[in-house]
Amino acid sequence: MADEIGSRDAILSRIRSQAATKPQAERMADVEARISSHKRGILPAGPRSLIKRVERFTQKAEAAQSTVAQVSPPKLAKAVSEWLREHNLPAEIRIGQDPRLSPLKKSGAKLMTVNSGKADPADITGVSFAECGIAESGTIAMLSGKANPTTLNFVPENHITIVNESDILSHYEELWPRLRRRFGRGKMPRTVNFITGPSRSADIEQTLILGAHGPVRHHIIIVKGA
Amino acid sequence: MEITSPSFKKNVHKALRDEQLQQAMRHVRSNFIQKRAAAADALPEFEALRDNARDIKNHVLENLDLYLERFESKVTENGGHVHWAATASDARGMVLDICRRVNAKSVTKGKSMISEEMELNGFLEKYGITPVETDLGEYIIQLRGEHPSHIIAPSVHVTMNQVRDDFRKAHTHLPKDRPMDEPESLLKEARAILRQKFMEADVGITGANFLIAETGTSIIVTNEGNGDLTQSLPRVHIVLASLEKVVPTLEDMSQIMRVLARSATGQEMSVYTTLSTGPRRASDPDGPDEYHVILLDNGRSNMLGTEFQDMLRCIRCGACLNHCPVYHAIGGHAYGWVYPGPMGSVLSPALAGIEKTANLPNASTFCGRCEEVCPMRIPLPKMLRHWREKEFEKHLTPPAQRRNLKLWAWFAKRPGLYRTGSRVAMRMLSLMGGSKKRLRKLPFAGAWTEDRDLPAPEGGSFVSQWNAGRRT
Amino acid sequence: METGYDTSPRRVGLFVTCLVDLFRPTVGFAAARLLEEAGCEVYVPVSQTCCGQPAYNSGDRADTAEIAKQVIEAFEEFDYIVAPSGSCAGMLKKHYPELFEGDPKWSARVEAFSAKVHELVSFLTDIRGVERVNAKLDAVVTYHDSCSGLRELGVKDQPRKLLASVEGVTIKEMKDPNVCCGFGGTFAVKYTEVSNAIVSAKTSDIKSSGAELLLAGDMGCLMNMAGKLRREKSSVEVRHIAEVLAGMTSAPPIGGKGDR
């Protein structure tokens, strides 16, 4: 076994002697300033109004082969169970403890079986509530935790993600301040998943096929007015 | 892996006659190029983002020590562990130590080129631990006992029929008459087999596209979701990352992300971009109990402050391979080491030594298409030339070639003698009339006329005729 | 009227390139005629040999720098230095300054020199404001973008624009005209098998274009493609674009006539 502390110091001092072009104190100040400023770079032009943003989000998500529906809050459970039926899937879902998913447990209970907790290999459909959507690329962002276990995003063959309309942001850069506010500066949940469409592979003769190791279908439900 | 770059010409000879390979490479030529162009054209800010991405990495490289220290302290703060590996063999040892401590039998792996550099699979097997590659392309080549021939599409050299035969051979428990004539059915079969492996694995190993100093986060980008199953199901998650992957902030990462997928596959965003910070939290129902990041140097720190520093901006998108006429012709294996194509021809000499890899920087036409598409604006041709300079300085250039070059330069520096000498040479060439039989004896011309004619000179030199008063 | 073009009479040093000098003087005469028609006085310094690229690309910086100094000394007196080659012009314009980076004696001098260097066709259109040429050729042509001209100097639309003004010329684009022909200087003889694979793909695209005449702006690429087309017994003929633009197409094509 290599001497880890020895190699650490050797690597760092080699970097220092070879790469540094400015005095150490100045570099330390630069780095500190850079990290604390959270400077945004170039944000691609995009629509500003919420309506247009949702439109762009939908268009981009569909281009990435997600399907997108919009429902009003009272219809959430029905929208999930109808989607299952349309795709000939068993009326059974797995969800986490996110309070925003409680309509699925309550009004959804007579429409389908609702299991709670992390994914089980036998699960066919997982439902989770997204932190936000990103209009720029039709991406949804999921945060790990008991509210929405990260394995629900990957293990079941079908993944339904629900996102509040008002949580559809323009750019990835708008998520970072939200996380800093919620978790503290420099802190993150164990996993943040950006998801753009169902899983896919083009590893066999460059032919794109949906449904590699992750979900085969990815359905997004936007909750209107929420 | 054993380095075969010294026998590059032999490798090429074989590759050019490999029908299956040539058939497979045709897909690369058309697919990747169109998709990247469409994605770049669709984003008006693309060129400005490339500049920005370059500047971010340049700033990082000038302060790499500080960003790595910050990254380390953040990982530790979040309950993870950072291990510093000076060499590939140190890094292998660290992986083995972790696996042994948790009594691991089976290890799933997401795609990692560094693990190729470490020759990790063979090493783990030697110690009774079974590594399972889970990226479809990586799984295919693991079955075939091969190495990746492309940094993002490892099995790009394999045809569908070959995959079918490999699966038949490996998955003997499945019915012999199952349908296997479509890529869909092959993918489904791999999915089912690997599902089991994901569930059984004790340790999951992934690479990293980025490390974030601000938060101690590692990031993987995939389309298949294999990396996520690899890192979220087993008890232990090990991240293999080379030093230069670190960026300052989440904002900086977001900038570079915008050029990564577009340059690689022409997607605006890959399907899964996953940010991992530390092990699972006390209240988390899933995720690994342990989180380790192995930071691999393996020669990279020696590139800092040299003419090769810019190479450390590379984000491994593969665009330079996808646009390289040499890569298109010969595929990735002929290059003879881990990293093929233009980026490999710059990086491999730095990591494996120019003595063994001298062919690589020379086997380029300097057409410049790699630099044209590199999202990080790495001046690849310039750095290939720097390697040729190193080689020339160290007298590694083949002696005959060096002699010819020196003789030619001697004349080129003496215009009077050059005029006389070239007049004689051209008259001879003219008399030979491009005849292959006669030209073969001349240096250079022999190689030239193997495959094409040598156009005969018109006769007379322009400069002499002009100065003698001729005008048409 | 202010056009932004330099239309004054100018003294132009013609850096004819070693391949044109030795293999194809016609291109030199064609270039000189085009420059004169654009109002330039053409000079051909007899001390020119080569731009030094073979040495530069073989890693021999010392010899390259000596050759470069010689070129600079021979040509720096002119208002412009023009070469009928994107590759050699690129060497003089883009790479000479790299050779003398940090050299207090030469760096300013080389900068001043390099600023005056241009590739022939783009010089005509972009500096002299030439819109059309006075030439005629009944031919279906296809144009190959040589790599250095295209990527180092941005030569792409200029040759096509002037070609379109040649009476009787029809342009048929080949697939991927911007892809390398596999020449690469000494690459073609050092890695002849790879080079052959690349040029074979190129000639296949040329032949499928339906053109009868292949044009490009660089003798190296032209000799490579002509040599391959001849070996393949193709009927496609090959010329430097300057020959067509100057109306000097009476000489046999590069590599001789195609087997028609």
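Just so it is clear, A, B and C label the chains in written order, and each chain counts residues from 1 on its own.
What we mean here is this: a contact is a pair of C-beta atoms (placed from the backbone, for glycine too) under 8 Å apart; a residue touches a chain by one contact, two chains touch by 3 or more.
Nothing here was measured: the structure is a model prediction, and the numbers come from that model.
*Asks:* So which chain is the furthest away from chain A, centre to centre on CA atoms?
*Replies:* For chain A, the chain whose C-alpha mean is farthest off is C.
*Asks:* Taking each chain's centre as the average of its Cα atoms, which chain lies closest to the overall Cα centroid?
*Replies:* Smallest centre-to-centre distance to the global C-alpha mean: chain B.
*Asks:* Using the average of all C-alpha atoms in each chain as its centre, how far is it in Å between chain B and chain C?
*Replies:* Those two chain centres are 33 Å apart.
*Asks:* For chain A versus chain B, what separation do you get between their C-alpha means, in angstrom?
*Replies:* Going by mean C-alpha positions, chain A sits 29 Å from chain B.
*Asks:* Starting from the mean Cα coordinates of chain A and chain C, work out the distance between those two points in Å.
*Replies:* 53
*Asks:* Send over the residues of chain B in touch with two or more other chains.
*Replies:* none
*Asks:* Enumerate the contact residues on chain A facing chain B in the complex.
*Replies:* 1-2, 4, 7-8, 10-12, 14-16, 18-22, 27-28, 30-31, 34-35, 38-42, 44-45, 60, 64, 96, 117-119, 121, 136-137, 139, 144-146, 149-151, 153-155, 171-173, 176, 179, 186-207, 209, 211-215
*Asks:* Given the complex with chain B, which residues does chain C contribute to the contact?
*Replies:* Residues 16, 18, 20-29, 32-33, 44, 46-50, 52, 54-61, 63, 66-67, 70, 98, 147-148, 151-152, 178-180, 182-199, 201, 223-224, 226-228, 230-231, 248, 251, 254-256 of chain C touch chain B in their complex.
*Asks:* Please output the residues of chain B touching chain C within their complex, sorted ascending.
*Replies:* Touching chain C from chain B are residues 9, 12-13, 16, 325-326, 328-330, 362-369, 371-372, 382, 385, 387-393, 397, 401, 405-406, 408-409, 411-413, 415, 418-419, 422, 425-426, 434, 444, 447-448, 450-458, 460-467, 470-472.
*Asks:* Give every residue of chain B touching chain A within the complex, in rising order.
*Replies:* 24, 27-28, 31-32, 43-45, 48-49, 52, 56, 59, 61-70, 74, 78, 83-87, 90, 93-94, 97, 134-137, 140, 153-156, 158-160, 163, 183-184, 186-188, 191, 194-195, 198-199, 213-217, 223-226, 228-229, 232-233, 243, 248-252, 254-255, 257-258, 265, 267-281, 283-287, 295, 297, 301-302, 304-306, 309
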